[in-house]
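Each of the next two complexes has chain A plus one more chain, namely chain B in the first and chain C in the second.
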Partner chain A sequence: MSQNNPDQEDQTSGAKKTISLPISRVRLIMKSSPDVSSINQDALFLTTKATELFVQHLALSSFNNGSGKETNSLSYSDLAKTAEETETFHFLTDILPKKILARDYLKSLEQMQEEEADF
Partner chain B sequence: MVYFVQRNSSRLFLFFCATMASSSGNDDDLTIPRAAINKMIKETLPNVRVANDARELVVNCCTEFIHLISSEANEICNKSDKKTISPEHVINALESLGFGSYITEVKDVLQECKTVALKRRKASSRLENLGIPEEELLRQQQELFAKARQQQAELAQQEWLQMQQAAQQAQMAAASASGAQQAGSSQDEDEEDDM
Partner chain C sequence: MAERPEDLNLPNAVITRIIKEALPDGVNVSKEARRAISQAASVFVLYATSCANNFAMKAKRKTLNAGDVLAAMEEMEFERFLEPLREALDVYKKGQKGKKDVSEQKCRDKEKKAGLEADKGREEEEEAEEEEEEPVGEKEAEEEEVEN
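And now, the complex of A and B:
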(Lines of atoms letter the chains of each structure in order from A and count residues from 1; the text may use other names and numbers.)
(Lines give C-alpha, C1' and ligand atoms only; values in the text may rest on other atoms or scores of the structure.)
Protein backbone atom coordinates (compact mmCIF):
# COMPACT_ATOMS: atom_id res chain seq x y z
CA MET A 1 0.00 0.00 0.00
CA SER A 2 2.76 2.36 -1.00
CA GLN A 3 0.23 4.86 -2.18
CA ASN A 4 -0.74 5.66 1.39
CA ASN A 5 -0.63 9.13 2.68
CA PRO A 6 2.44 9.65 4.88
CA ASP A 7 0.15 10.46 7.79
CA GLN A 8 -0.61 6.78 8.05
CA GLU A 9 2.97 6.01 9.04
CA ASP A 10 2.23 7.47 12.42
CA GLN A 11 0.17 4.51 13.44
CA THR A 12 2.49 3.96 16.34
CA SER A 13 1.66 7.26 17.96
CA GLY A 14 -1.91 7.48 19.25
CA ALA A 15 -2.50 4.42 17.13
CA LYS A 16 -6.15 3.56 17.34
CA LYS A 17 -7.53 6.67 15.82
CA THR A 18 -5.53 6.99 12.63
CA ILE A 19 -6.64 5.78 9.26
CA SER A 20 -5.84 2.40 7.73
CA LEU A 21 -7.55 2.58 4.35
CA PRO A 22 -5.63 4.07 1.42
CA ILE A 23 -6.70 7.68 1.18
CA SER A 24 -5.63 8.13 -2.43
CA ARG A 25 -7.83 5.25 -3.51
CA VAL A 26 -10.79 6.75 -1.68
CA ARG A 27 -10.18 10.01 -3.51
CA LEU A 28 -10.20 8.22 -6.87
CA ILE A 29 -13.47 6.53 -6.07
CA MET A 30 -15.04 9.79 -4.96
CA LYS A 31 -13.95 11.52 -8.12
CA SER A 32 -15.51 8.79 -10.22
CA SER A 33 -18.87 9.81 -8.78
CA PRO A 34 -20.80 11.90 -11.29
CA ASP A 35 -20.61 15.66 -10.78
CA VAL A 36 -18.08 15.58 -7.97
CA SER A 37 -15.39 18.13 -8.75
CA SER A 38 -13.05 19.05 -5.95
CA ILE A 39 -12.72 17.68 -2.46
CA ASN A 40 -11.06 19.35 0.48
CA GLN A 41 -8.27 17.25 2.00
CA ASP A 42 -9.92 17.19 5.41
CA ALA A 43 -13.19 16.11 3.86
CA LEU A 44 -11.26 13.25 2.29
CA PHE A 45 -9.93 12.14 5.68
CA LEU A 46 -13.44 12.21 7.08
CA THR A 47 -14.83 10.12 4.25
CA THR A 48 -12.04 7.59 4.53
CA LYS A 49 -12.56 7.16 8.24
CA ALA A 50 -16.31 6.96 7.76
CA THR A 51 -15.79 4.16 5.25
CA GLU A 52 -13.71 2.28 7.79
CA LEU A 53 -16.42 2.65 10.39
CA PHE A 54 -18.91 1.48 7.81
CA VAL A 55 -17.00 -1.73 7.16
CA GLN A 56 -16.82 -2.45 10.88
CA HIS A 57 -20.47 -1.62 11.32
CA LEU A 58 -21.57 -3.78 8.40
CA ALA A 59 -19.45 -6.72 9.49
CA LEU A 60 -20.57 -6.60 13.11
CA SER A 61 -24.24 -6.11 12.26
CA SER A 62 -24.26 -8.92 9.75
CA PHE A 63 -22.52 -11.24 12.14
CA ASN A 64 -24.75 -10.46 15.08
CA ASN A 65 -27.97 -10.80 13.11
CA GLY A 66 -26.81 -13.63 10.98
CA SER A 67 -27.11 -17.36 11.12
CA GLY A 68 -23.40 -17.92 11.46
CA LYS A 69 -23.13 -16.93 15.08
CA GLU A 70 -23.06 -20.43 16.46
CA THR A 71 -20.56 -21.65 13.92
CA ASN A 72 -18.52 -18.44 14.17
CA SER A 73 -18.82 -17.71 10.49
CA LEU A 74 -20.06 -14.95 8.23
CA SER A 75 -21.63 -15.67 4.88
CA TYR A 76 -22.89 -13.78 1.87
CA SER A 77 -26.49 -14.29 2.88
CA ASP A 78 -25.82 -12.81 6.34
CA LEU A 79 -24.74 -9.62 4.63
CA ALA A 80 -27.66 -9.64 2.21
CA LYS A 81 -30.05 -10.16 5.11
CA THR A 82 -28.65 -7.25 7.10
CA ALA A 83 -28.82 -4.99 4.07
CA GLU A 84 -32.49 -5.70 3.67
CA GLU A 85 -33.37 -5.45 7.33
CA THR A 86 -31.38 -2.39 8.35
CA GLU A 87 -32.63 0.84 6.94
CA THR A 88 -29.32 2.62 6.72
CA PHE A 89 -27.99 -0.29 4.67
CA HIS A 90 -30.85 -0.28 2.19
CA PHE A 91 -28.67 1.44 -0.40
CA LEU A 92 -26.76 -1.81 -0.65
CA THR A 93 -29.65 -3.90 -1.88
CA ASP A 94 -28.91 -2.96 -5.47
CA ILE A 95 -25.53 -4.62 -5.40
CA LEU A 96 -26.59 -7.45 -3.15
CA PRO A 97 -28.74 -9.63 -5.33
CA LYS A 98 -30.05 -12.53 -3.35
CA LYS A 99 -28.66 -15.65 -4.81
CA ILE A 100 -31.15 -17.98 -6.40
CA LEU A 101 -30.69 -21.26 -8.16
CA ALA A 102 -30.51 -21.17 -11.92
CA ARG A 103 -33.53 -23.38 -12.36
CA ASP A 104 -35.68 -21.07 -10.26
CA TYR A 105 -34.54 -18.16 -12.35
CA LEU A 106 -35.33 -19.91 -15.57
CA LYS A 107 -38.76 -20.73 -14.25
CA SER A 108 -39.53 -17.12 -13.41
CA LEU A 109 -38.12 -16.05 -16.77
CA GLU A 110 -40.54 -18.41 -18.49
CA GLN A 111 -43.37 -16.96 -16.48
CA MET A 112 -42.44 -13.44 -17.49
CA GLN A 113 -42.25 -14.41 -21.13
CA GLU A 114 -45.69 -15.96 -20.90
CA GLU A 115 -47.01 -12.77 -19.40
CA GLU A 116 -45.53 -10.67 -22.17
CA ALA A 117 -46.91 -13.01 -24.80
CA ASP A 118 -50.36 -12.25 -23.43
CA PHE A 119 -50.17 -8.67 -24.66
CA MET B 1 -23.73 -21.66 -7.76
CA VAL B 2 -25.17 -19.24 -10.21
CA TYR B 3 -26.01 -15.70 -9.20
CA PHE B 4 -28.89 -13.84 -10.77
CA VAL B 5 -30.86 -10.75 -9.99
CA GLN B 6 -34.23 -11.73 -8.66
CA ARG B 7 -36.06 -9.03 -10.53
CA ASN B 8 -37.49 -8.38 -13.94
CA SER B 9 -35.57 -8.95 -17.12
CA SER B 10 -34.67 -5.32 -17.72
CA ARG B 11 -32.87 -5.20 -14.41
CA LEU B 12 -31.08 -8.38 -15.41
CA PHE B 13 -29.97 -6.67 -18.58
CA LEU B 14 -28.50 -3.83 -16.52
CA PHE B 15 -26.75 -6.29 -14.25
CA PHE B 16 -25.06 -7.99 -17.19
CA CYS B 17 -24.08 -4.65 -18.61
CA ALA B 18 -22.52 -3.66 -15.35
CA THR B 19 -20.56 -6.87 -15.28
CA MET B 20 -19.29 -6.30 -18.80
CA ALA B 21 -18.42 -2.70 -18.09
CA SER B 22 -16.32 -3.56 -15.10
CA SER B 23 -14.40 -6.18 -17.00
CA SER B 24 -13.37 -3.57 -19.57
CA GLY B 25 -11.74 -1.64 -16.73
CA ASN B 26 -13.48 1.70 -16.55
CA ASP B 27 -13.53 4.09 -13.62
CA ASP B 28 -16.21 2.23 -11.72
CA ASP B 29 -13.84 -0.66 -11.36
CA LEU B 30 -12.11 1.18 -8.56
CA THR B 31 -12.33 -0.50 -5.22
CA ILE B 32 -10.49 -0.49 -1.95
CA PRO B 33 -7.73 -3.09 -2.05
CA ARG B 34 -8.93 -6.48 -0.88
CA ALA B 35 -6.08 -6.84 1.58
CA ALA B 36 -7.08 -3.72 3.46
CA ILE B 37 -10.65 -4.96 3.77
CA ASN B 38 -9.54 -8.41 4.88
CA LYS B 39 -7.42 -6.85 7.57
CA MET B 40 -10.28 -4.76 8.86
CA ILE B 41 -12.67 -7.67 8.90
CA LYS B 42 -10.13 -9.70 10.81
CA GLU B 43 -9.72 -6.96 13.39
CA THR B 44 -13.45 -6.49 13.76
CA LEU B 45 -14.40 -10.16 13.79
CA PRO B 46 -11.41 -12.03 15.09
CA ASN B 47 -11.64 -15.82 14.83
CA VAL B 48 -14.66 -15.65 12.53
CA ARG B 49 -14.60 -17.56 9.28
CA VAL B 50 -15.69 -15.20 6.53
CA ALA B 51 -16.73 -16.65 3.19
CA ASN B 52 -14.84 -15.43 0.16
CA ASP B 53 -17.87 -14.16 -1.65
CA ALA B 54 -18.84 -12.26 1.48
CA ARG B 55 -15.46 -10.54 1.51
CA GLU B 56 -15.84 -9.63 -2.15
CA LEU B 57 -19.21 -8.20 -1.33
CA VAL B 58 -17.81 -6.02 1.47
CA VAL B 59 -15.26 -4.59 -0.96
CA ASN B 60 -18.06 -3.58 -3.30
CA CYS B 61 -20.17 -2.22 -0.45
CA CYS B 62 -17.30 0.09 0.42
CA THR B 63 -17.25 1.57 -3.04
CA GLU B 64 -21.00 1.94 -2.92
CA PHE B 65 -20.79 3.68 0.44
CA ILE B 66 -18.16 6.12 -0.79
CA HIS B 67 -20.32 6.98 -3.81
CA LEU B 68 -23.29 7.46 -1.54
CA ILE B 69 -21.46 9.85 0.77
CA SER B 70 -19.82 11.72 -2.11
CA SER B 71 -23.08 12.27 -3.95
CA GLU B 72 -24.87 13.44 -0.87
CA ALA B 73 -22.01 15.68 0.21
CA ASN B 74 -21.78 17.02 -3.32
CA GLU B 75 -25.46 17.94 -3.34
CA ILE B 76 -25.10 19.68 -0.01
CA CYS B 77 -22.04 21.45 -1.39
CA ASN B 78 -23.88 22.64 -4.49
CA LYS B 79 -26.67 24.03 -2.39
CA SER B 80 -24.21 25.98 -0.33
CA ASP B 81 -22.71 27.80 -3.32
CA LYS B 82 -19.25 26.45 -2.56
CA LYS B 83 -17.16 24.67 -5.14
CA THR B 84 -15.18 22.33 -2.96
CA ILE B 85 -16.65 19.64 -0.75
CA SER B 86 -15.73 20.59 2.78
CA PRO B 87 -15.61 18.53 5.98
CA GLU B 88 -18.83 20.20 7.04
CA HIS B 89 -20.58 18.90 3.93
CA VAL B 90 -19.40 15.37 4.61
CA ILE B 91 -20.59 15.52 8.19
CA ASN B 92 -24.01 16.74 7.15
CA ALA B 93 -24.16 14.01 4.53
CA LEU B 94 -23.42 11.36 7.15
CA GLU B 95 -26.12 12.76 9.35
CA SER B 96 -28.78 12.87 6.67
CA LEU B 97 -27.99 9.36 5.44
CA GLY B 98 -28.39 7.86 8.87
CA PHE B 99 -24.73 7.51 9.76
CA GLY B 100 -24.78 10.15 12.44
CA SER B 101 -23.26 7.71 14.90
CA TYR B 102 -20.01 7.88 12.98
CA ILE B 103 -19.62 11.61 13.36
CA THR B 104 -17.88 11.86 16.70
CA GLU B 105 -15.20 9.35 15.91
CA VAL B 106 -14.68 10.71 12.43
CA LYS B 107 -14.16 14.19 13.81
CA ASP B 108 -11.67 12.89 16.35
CA VAL B 109 -9.60 11.31 13.62
CA LEU B 110 -9.55 14.54 11.68
CA GLN B 111 -8.23 16.32 14.74
CA GLU B 112 -5.63 13.60 15.20
CA CYS B 113 -4.48 13.88 11.59
CA LYS B 114 -4.11 17.61 11.89
CA THR B 115 -2.12 17.31 15.11
CA VAL B 116 0.19 14.75 13.55
CA ALA B 117 0.77 16.91 10.51
CA LEU B 118 1.48 19.88 12.76
CA LYS B 119 3.93 17.87 14.86
CA ARG B 120 5.77 16.77 11.77
CA ARG B 121 6.10 20.30 10.51
CA LYS B 122 7.39 21.39 13.92
CA ALA B 123 9.83 18.51 14.06
CA SER B 124 11.39 19.35 10.73
CA SER B 125 11.75 23.00 11.62
CA ARG B 126 13.15 22.02 15.02
CA LEU B 127 15.90 20.18 13.25
CA GLU B 128 16.73 23.25 11.27
CA ASN B 129 16.79 25.31 14.42
CA LEU B 130 19.10 23.27 16.61
CA GLY B 131 20.59 26.66 17.32
CA ILE B 132 23.08 26.07 14.56
CA PRO B 133 22.46 27.84 11.28
CA GLU B 134 22.93 25.96 8.05
CA GLU B 135 26.16 27.69 7.03
CA GLU B 136 27.73 26.76 10.33
CA LEU B 137 26.66 23.14 9.86
CA LEU B 138 28.19 23.16 6.39
CA ARG B 139 31.40 24.61 7.72
CA GLN B 140 31.57 21.91 10.37
CA GLN B 141 31.01 19.30 7.74
CA GLN B 142 33.86 20.64 5.61
CA GLU B 143 36.10 20.63 8.63
CA LEU B 144 35.32 17.02 9.32
CA PHE B 145 36.03 16.09 5.72
CA ALA B 146 39.36 17.93 5.75
CA LYS B 147 40.31 16.21 8.95
CA ALA B 148 39.46 12.84 7.53
CA ARG B 149 41.48 13.54 4.39
CA GLN B 150 44.45 14.55 6.50
CA GLN B 151 44.26 11.43 8.58
CA GLN B 152 44.16 9.36 5.46
CA ALA B 153 47.19 11.15 4.05
CA GLU B 154 49.13 10.64 7.24
CA LEU B 155 48.24 7.00 7.24
CA ALA B 156 49.34 6.60 3.64
CA GLN B 157 52.61 8.34 4.41
CA GLN B 158 53.29 6.07 7.35
CA GLU B 159 52.72 3.05 5.24
CA TRP B 160 55.04 4.40 2.59
CA LEU B 161 57.75 5.03 5.17
CA GLN B 162 57.33 1.55 6.54
CA MET B 163 57.66 0.10 3.10
CA GLN B 164 60.76 2.11 2.45
CA GLN B 165 62.32 1.00 5.67
CA ALA B 166 61.50 -2.59 4.95
CA ALA B 167 62.97 -2.24 1.49
CA GLN B 168 66.15 -0.67 2.85
CA GLN B 169 66.53 -3.44 5.36
CA ALA B 170 66.06 -5.97 2.67
CA GLN B 171 68.68 -4.27 0.51
CA MET B 172 71.17 -4.18 3.35
CA ALA B 173 70.57 -7.77 4.14
CA ALA B 174 71.01 -8.69 0.50
CA ALA B 175 74.18 -6.53 0.24
CA SER B 176 75.89 -8.18 3.22
CA ALA B 177 74.93 -11.59 1.91
CA SER B 178 76.24 -10.92 -1.57
CA GLY B 179 79.34 -9.25 -0.09
CA ALA B 180 80.26 -12.64 1.28
CA GLN B 181 79.56 -14.19 -2.05
CA GLN B 182 81.40 -11.64 -4.15
CA ALA B 183 84.77 -12.79 -2.98
CA GLY B 184 84.07 -16.18 -4.40
CA SER B 185 82.18 -15.27 -7.51
CA SER B 186 84.52 -12.88 -9.35
CA GLN B 187 85.62 -15.75 -11.51
CA ASP B 188 82.10 -16.24 -12.64
CA GLU B 189 81.86 -12.66 -13.64
CA ASP B 190 85.00 -12.88 -15.80
CA GLU B 191 83.66 -15.86 -17.53
CA GLU B 192 80.47 -14.02 -18.19
CA ASP B 193 82.33 -11.14 -19.77
CA ASP B 194 83.99 -13.42 -22.26
CA MET B 195 80.63 -14.62 -23.49
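And now, the complex of A and C:
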Protein backbone atom coordinates (compact mmCIF):
# COMPACT_ATOMS: atom_id res chain seq x y z
CA MET A 1 0.00 0.00 0.00
CA SER A 2 2.80 2.37 0.84
CA GLN A 3 3.97 1.90 -2.75
CA ASN A 4 0.88 3.67 -4.02
CA ASN A 5 1.56 6.86 -2.13
CA PRO A 6 4.01 8.45 -4.55
CA ASP A 7 1.53 7.97 -7.38
CA GLN A 8 -1.22 9.68 -5.50
CA GLU A 9 1.04 12.58 -4.74
CA ASP A 10 1.91 12.81 -8.41
CA GLN A 11 -1.72 13.03 -9.37
CA THR A 12 -2.62 15.78 -6.94
CA SER A 13 0.41 17.91 -7.62
CA GLY A 14 0.22 17.49 -11.41
CA ALA A 15 -2.81 19.77 -11.67
CA LYS A 16 -5.40 16.97 -11.91
CA LYS A 17 -3.89 14.62 -14.40
CA THR A 18 -6.69 12.96 -16.34
CA ILE A 19 -4.66 10.38 -18.24
CA SER A 20 -1.72 8.23 -17.27
CA LEU A 21 -0.72 6.65 -20.60
CA PRO A 22 1.77 8.68 -22.64
CA ILE A 23 0.03 10.59 -25.44
CA SER A 24 3.20 10.52 -27.58
CA ARG A 25 3.20 6.73 -27.65
CA VAL A 26 -0.47 6.55 -28.54
CA ARG A 27 0.14 9.00 -31.39
CA LEU A 28 2.95 6.80 -32.65
CA ILE A 29 0.64 3.79 -32.75
CA MET A 30 -2.11 5.79 -34.46
CA LYS A 31 0.33 7.16 -37.04
CA SER A 32 1.55 3.66 -37.84
CA SER A 33 -1.77 3.24 -39.60
CA PRO A 34 -1.08 4.12 -43.25
CA ASP A 35 -4.34 5.99 -44.01
CA VAL A 36 -4.05 8.42 -41.16
CA SER A 37 -2.58 11.77 -42.14
CA SER A 38 -3.17 13.96 -39.12
CA ILE A 39 -4.85 13.84 -35.74
CA ASN A 40 -5.94 16.81 -33.71
CA GLN A 41 -5.07 17.21 -30.04
CA ASP A 42 -8.56 16.41 -28.75
CA ALA A 43 -8.80 13.22 -30.80
CA LEU A 44 -5.42 12.16 -29.49
CA PHE A 45 -6.44 12.81 -25.91
CA LEU A 46 -9.74 10.93 -26.35
CA THR A 47 -8.06 7.89 -27.89
CA THR A 48 -5.57 7.78 -25.03
CA LYS A 49 -8.31 8.04 -22.44
CA ALA A 50 -10.41 5.43 -24.29
CA THR A 51 -7.46 3.04 -24.23
CA GLU A 52 -7.25 3.36 -20.46
CA LEU A 53 -10.97 2.70 -20.12
CA PHE A 54 -10.56 -0.27 -22.43
CA VAL A 55 -7.76 -1.77 -20.32
CA GLN A 56 -9.86 -1.41 -17.17
CA HIS A 57 -12.93 -2.85 -18.87
CA LEU A 58 -11.06 -5.81 -20.36
CA ALA A 59 -9.32 -6.63 -17.07
CA LEU A 60 -12.47 -6.37 -14.99
CA SER A 61 -14.76 -8.32 -17.34
CA SER A 62 -12.16 -11.05 -17.72
CA PHE A 63 -11.79 -11.29 -13.96
CA ASN A 64 -15.54 -11.38 -13.39
CA ASN A 65 -16.19 -14.02 -16.08
CA GLY A 66 -13.02 -15.90 -15.37
CA SER A 67 -12.10 -18.89 -13.29
CA GLY A 68 -9.74 -17.02 -10.96
CA LYS A 69 -12.36 -15.41 -8.74
CA GLU A 70 -11.85 -17.91 -5.92
CA THR A 71 -8.07 -17.83 -6.17
CA ASN A 72 -8.04 -14.05 -6.62
CA SER A 73 -6.07 -14.20 -9.85
CA LEU A 74 -6.35 -13.20 -13.50
CA SER A 75 -4.75 -15.46 -16.07
CA TYR A 76 -4.28 -15.56 -19.82
CA SER A 77 -7.05 -18.12 -20.27
CA ASP A 78 -9.55 -15.76 -18.60
CA LEU A 79 -8.66 -13.13 -21.20
CA ALA A 80 -8.89 -15.57 -24.10
CA LYS A 81 -12.28 -16.70 -22.84
CA THR A 82 -13.56 -13.12 -22.69
CA ALA A 83 -12.29 -12.36 -26.19
CA GLU A 84 -14.14 -15.39 -27.48
CA GLU A 85 -17.39 -15.01 -25.55
CA THR A 86 -17.96 -11.26 -25.42
CA GLU A 87 -19.17 -9.57 -28.58
CA THR A 88 -17.34 -6.27 -28.05
CA PHE A 89 -14.03 -8.04 -27.47
CA HIS A 90 -14.31 -10.25 -30.54
CA PHE A 91 -11.73 -8.20 -32.45
CA LEU A 92 -9.14 -9.54 -30.00
CA THR A 93 -9.52 -13.21 -30.84
CA ASP A 94 -6.56 -13.04 -33.26
CA ILE A 95 -4.13 -11.83 -30.64
CA LEU A 96 -5.73 -13.71 -27.75
CA PRO A 97 -6.08 -17.21 -29.16
CA LYS A 98 -7.36 -19.90 -26.85
CA LYS A 99 -4.62 -22.25 -25.81
CA ILE A 100 -5.24 -25.95 -26.19
CA LEU A 101 -3.09 -28.93 -25.36
CA ALA A 102 -1.33 -30.67 -28.20
CA ARG A 103 -3.02 -33.86 -27.00
CA ASP A 104 -6.50 -32.32 -27.46
CA TYR A 105 -5.56 -30.82 -30.79
CA LEU A 106 -4.41 -34.19 -32.12
CA LYS A 107 -7.60 -35.78 -30.85
CA SER A 108 -9.79 -33.26 -32.67
CA LEU A 109 -7.67 -33.67 -35.77
CA GLU A 110 -8.21 -37.40 -35.67
CA GLN A 111 -11.94 -36.91 -35.22
CA MET A 112 -12.08 -34.62 -38.22
CA GLN A 113 -10.26 -37.15 -40.34
CA GLU A 114 -12.61 -39.91 -39.24
CA GLU A 115 -15.60 -37.79 -40.11
CA GLU A 116 -14.18 -37.12 -43.54
CA ALA A 117 -13.57 -40.82 -44.02
CA ASP A 118 -17.24 -41.52 -43.22
CA PHE A 119 -18.41 -39.59 -46.26
CA MET B 1 7.89 7.30 -36.96
CA ALA B 2 8.04 3.94 -35.28
CA GLU B 3 11.41 2.47 -35.96
CA ARG B 4 11.41 -0.51 -33.64
CA PRO B 5 8.47 -2.82 -33.05
CA GLU B 6 8.67 -2.10 -29.31
CA ASP B 7 7.71 1.47 -30.11
CA LEU B 8 4.20 0.24 -30.78
CA ASN B 9 3.84 -1.17 -27.27
CA LEU B 10 2.42 0.80 -24.42
CA PRO B 11 4.58 1.15 -21.30
CA ASN B 12 4.19 -1.93 -19.13
CA ALA B 13 4.43 -0.11 -15.81
CA VAL B 14 1.50 2.16 -16.67
CA ILE B 15 -0.61 -0.70 -18.04
CA THR B 16 0.07 -2.73 -14.89
CA ARG B 17 -1.00 0.17 -12.70
CA ILE B 18 -4.25 0.69 -14.64
CA ILE B 19 -5.06 -3.03 -14.36
CA LYS B 20 -4.33 -3.01 -10.60
CA GLU B 21 -6.59 -0.01 -10.09
CA ALA B 22 -9.44 -1.61 -12.03
CA LEU B 23 -9.41 -4.91 -10.13
CA PRO B 24 -10.31 -5.55 -6.48
CA ASP B 25 -7.40 -5.31 -4.04
CA GLY B 26 -4.98 -8.22 -3.93
CA VAL B 27 -5.80 -9.85 -7.28
CA ASN B 28 -2.75 -11.50 -8.78
CA VAL B 29 -2.36 -10.83 -12.50
CA SER B 30 -0.04 -13.24 -14.30
CA LYS B 31 2.77 -11.88 -16.42
CA GLU B 32 1.27 -13.50 -19.50
CA ALA B 33 -2.08 -11.86 -18.80
CA ARG B 34 -0.46 -8.45 -18.40
CA ARG B 35 1.38 -8.80 -21.67
CA ALA B 36 -1.80 -9.90 -23.41
CA ILE B 37 -3.76 -6.92 -22.07
CA SER B 38 -1.01 -4.57 -23.19
CA GLN B 39 -1.07 -6.02 -26.70
CA ALA B 40 -4.85 -5.87 -26.72
CA ALA B 41 -4.61 -2.17 -25.84
CA SER B 42 -2.34 -1.50 -28.84
CA VAL B 43 -4.76 -3.33 -31.11
CA PHE B 44 -7.60 -1.31 -29.61
CA VAL B 45 -5.80 1.93 -30.54
CA LEU B 46 -5.35 0.74 -34.13
CA TYR B 47 -8.95 -0.44 -34.41
CA ALA B 48 -10.29 2.83 -32.97
CA THR B 49 -8.01 4.85 -35.28
CA SER B 50 -9.19 2.96 -38.32
CA CYS B 51 -12.86 3.42 -37.38
CA ALA B 52 -12.37 7.12 -36.60
CA ASN B 53 -10.50 7.57 -39.87
CA ASN B 54 -13.44 6.13 -41.78
CA PHE B 55 -15.69 8.80 -40.29
CA ALA B 56 -13.20 11.53 -41.17
CA MET B 57 -12.88 10.22 -44.72
CA LYS B 58 -16.65 10.11 -45.14
CA ALA B 59 -16.76 13.77 -44.16
CA LYS B 60 -13.83 14.45 -46.51
CA ARG B 61 -11.58 15.65 -43.75
CA LYS B 62 -7.93 14.78 -43.41
CA THR B 63 -7.60 15.42 -39.70
CA LEU B 64 -9.15 13.12 -37.11
CA ASN B 65 -11.15 15.08 -34.54
CA ALA B 66 -12.88 14.37 -31.25
CA GLY B 67 -16.21 13.64 -32.94
CA ASP B 68 -14.61 10.95 -35.10
CA VAL B 69 -13.18 9.18 -32.05
CA LEU B 70 -16.51 9.30 -30.22
CA ALA B 71 -18.33 8.00 -33.31
CA ALA B 72 -15.76 5.20 -33.50
CA MET B 73 -16.49 4.19 -29.90
CA GLU B 74 -20.17 3.90 -30.75
CA GLU B 75 -19.40 1.88 -33.85
CA MET B 76 -17.21 -0.47 -31.80
CA GLU B 77 -20.04 -0.85 -29.29
CA PHE B 78 -18.13 0.80 -26.49
CA GLU B 79 -20.95 3.24 -25.76
CA ARG B 80 -20.17 2.83 -22.09
CA PHE B 81 -17.01 4.91 -22.67
CA LEU B 82 -18.83 7.88 -24.19
CA GLU B 83 -19.89 9.58 -20.96
CA PRO B 84 -16.53 9.27 -19.15
CA LEU B 85 -14.74 10.34 -22.34
CA ARG B 86 -16.81 13.50 -22.70
CA GLU B 87 -16.24 14.36 -19.07
CA ALA B 88 -12.49 13.80 -19.33
CA LEU B 89 -12.32 15.91 -22.49
CA ASP B 90 -14.06 18.78 -20.70
CA VAL B 91 -11.56 18.66 -17.85
CA TYR B 92 -8.69 18.39 -20.32
CA LYS B 93 -9.88 21.36 -22.37
CA LYS B 94 -10.25 23.52 -19.27
CA GLY B 95 -6.73 22.61 -18.24
CA GLN B 96 -5.38 23.32 -21.72
CA LYS B 97 -7.17 26.65 -21.84
CA GLY B 98 -5.69 27.76 -18.55
CA LYS B 99 -2.22 26.81 -19.74
CA LYS B 100 -2.76 28.40 -23.15
CA ASP B 101 -3.96 31.72 -21.76
CA VAL B 102 -0.87 32.01 -19.65
CA SER B 103 1.59 30.92 -22.32
CA GLU B 104 -0.12 32.95 -25.05
CA GLN B 105 0.12 36.05 -22.96
CA LYS B 106 3.81 35.36 -22.41
CA CYS B 107 4.29 34.76 -26.13
CA ARG B 108 2.56 37.98 -27.04
CA ASP B 109 4.67 39.95 -24.63
CA LYS B 110 7.81 38.42 -26.03
CA GLU B 111 6.76 39.02 -29.64
CA LYS B 112 5.96 42.61 -28.91
CA LYS B 113 9.34 43.20 -27.38
CA ALA B 114 11.24 41.36 -30.08
CA GLY B 115 9.07 42.87 -32.81
CA LEU B 116 9.61 46.43 -31.68
CA GLU B 117 13.34 46.06 -31.57
CA ALA B 118 13.58 44.27 -34.91
CA ASP B 119 11.20 46.65 -36.68
CA LYS B 120 13.33 49.66 -35.93
CA GLY B 121 16.24 48.25 -37.84
CA ARG B 122 14.26 46.57 -40.56
CA GLU B 123 11.99 49.42 -41.57
CA GLU B 124 14.77 51.37 -43.13
CA GLU B 125 16.03 48.41 -45.14
CA GLU B 126 12.58 47.39 -46.29
CA GLU B 127 11.69 50.80 -47.59
CA ALA B 128 14.57 50.63 -49.97
CA GLU B 129 13.88 47.05 -51.03
CA GLU B 130 10.13 47.32 -51.47
CA GLU B 131 10.30 49.53 -54.51
CA GLU B 132 12.49 47.10 -56.32
CA GLU B 133 10.47 44.05 -55.38
CA GLU B 134 7.05 45.28 -56.37
CA PRO B 135 7.28 44.83 -60.11
CA VAL B 136 8.43 41.24 -59.60
CA GLY B 137 5.37 40.54 -57.44
CA GLU B 138 3.04 41.81 -60.17
CA LYS B 139 4.69 39.70 -62.79
CA GLU B 140 4.19 36.58 -60.72
CA ALA B 141 0.54 37.35 -60.19
CA GLU B 142 0.00 37.72 -63.90
CA GLU B 143 1.69 34.45 -64.63
CA GLU B 144 -0.55 32.67 -62.15
CA GLU B 145 -3.64 34.01 -63.80
CA VAL B 146 -2.54 32.76 -67.16
CA GLU B 147 -1.90 29.30 -65.81
CA ASN B 148 -5.35 29.10 -64.31
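We adopt the following convention: the second predicted complex is superposed on the first by the 86 of 119 C-alpha atoms of A that agree within 3 Å, B and C clash if a C-alpha of one lies under 4 Å from a C-alpha of the other, contacts with A are read in each partner's own complex, and residues count from 1 in each chain.
In this text, contacts are C-beta pairs under 8 Å (C-beta built on N, C-alpha and C of every residue); 3 or more make two chains touch, one makes a residue touch a chain.
Since we're looking at a predicted model, the values are computed, not measured.
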| item | value |
| --- | --- |
| Room on chain A for both chain B and chain C (clash or fit) | clash |
| First (chain B), second (chain C), both or neither touched by A:Leu109 | first |
| Which of chain B and chain C A:Ala117 touches, first, second, both or neither | neither |
| Partner chain(s) touched by A:Leu58 [first = chain B, second = chain C, both, neither] | both |
| Chain B versus chain C as contact partner of A:Pro97, first or second or both or neither | first |
| Partner chain in contact with A:Ala50 - chain B first, chain C second, else both or neither | both |
| Set of chain A residues, in rising order, touched by both chain B and chain C | 7, 18-22, 25-26, 28-30, 32-33, 35-40, 42-43, 45-47, 49-60, 63, 68, 71-76, 78-79, 87-88, 91-92, 95-96 |
| Interfacial residue positions of chain A with respect to chain C in the complex | 7, 15-16, 18-22, 25-26, 28-33, 35-43, 45-47, 49-60, 62-63, 68, 71-76, 78-80, 83, 87-88, 91-92, 95-96 |
| Interface residues, chain C side, partner chain A - complex | 1-2, 7-8, 10-11, 14-15, 17-19, 21-24, 26-30, 32-33, 36-37, 39-50, 52-53, 57, 62-66, 68-70, 73, 76-78, 80-81, 84-85, 88-89, 91-93, 95-96 |
| Residue ranges of chain A in contact with chain B within the complex | 1, 7, 10, 13-14, 17-22, 25-26, 28-30, 32-40, 42-43, 45-47, 49-60, 63, 68, 71-76, 78-79, 87-88, 91-92, 94-102, 105, 108-109, 112 |
| Residue ranges of chain B in contact with chain A within the complex | 1-6, 8-9, 15, 27-28, 30-33, 35-37, 39-41, 44-45, 47-51, 53-54, 57-58, 60-71, 73-74, 83-87, 89-91, 94, 97-99, 102, 105-110, 112-114, 116-117 |
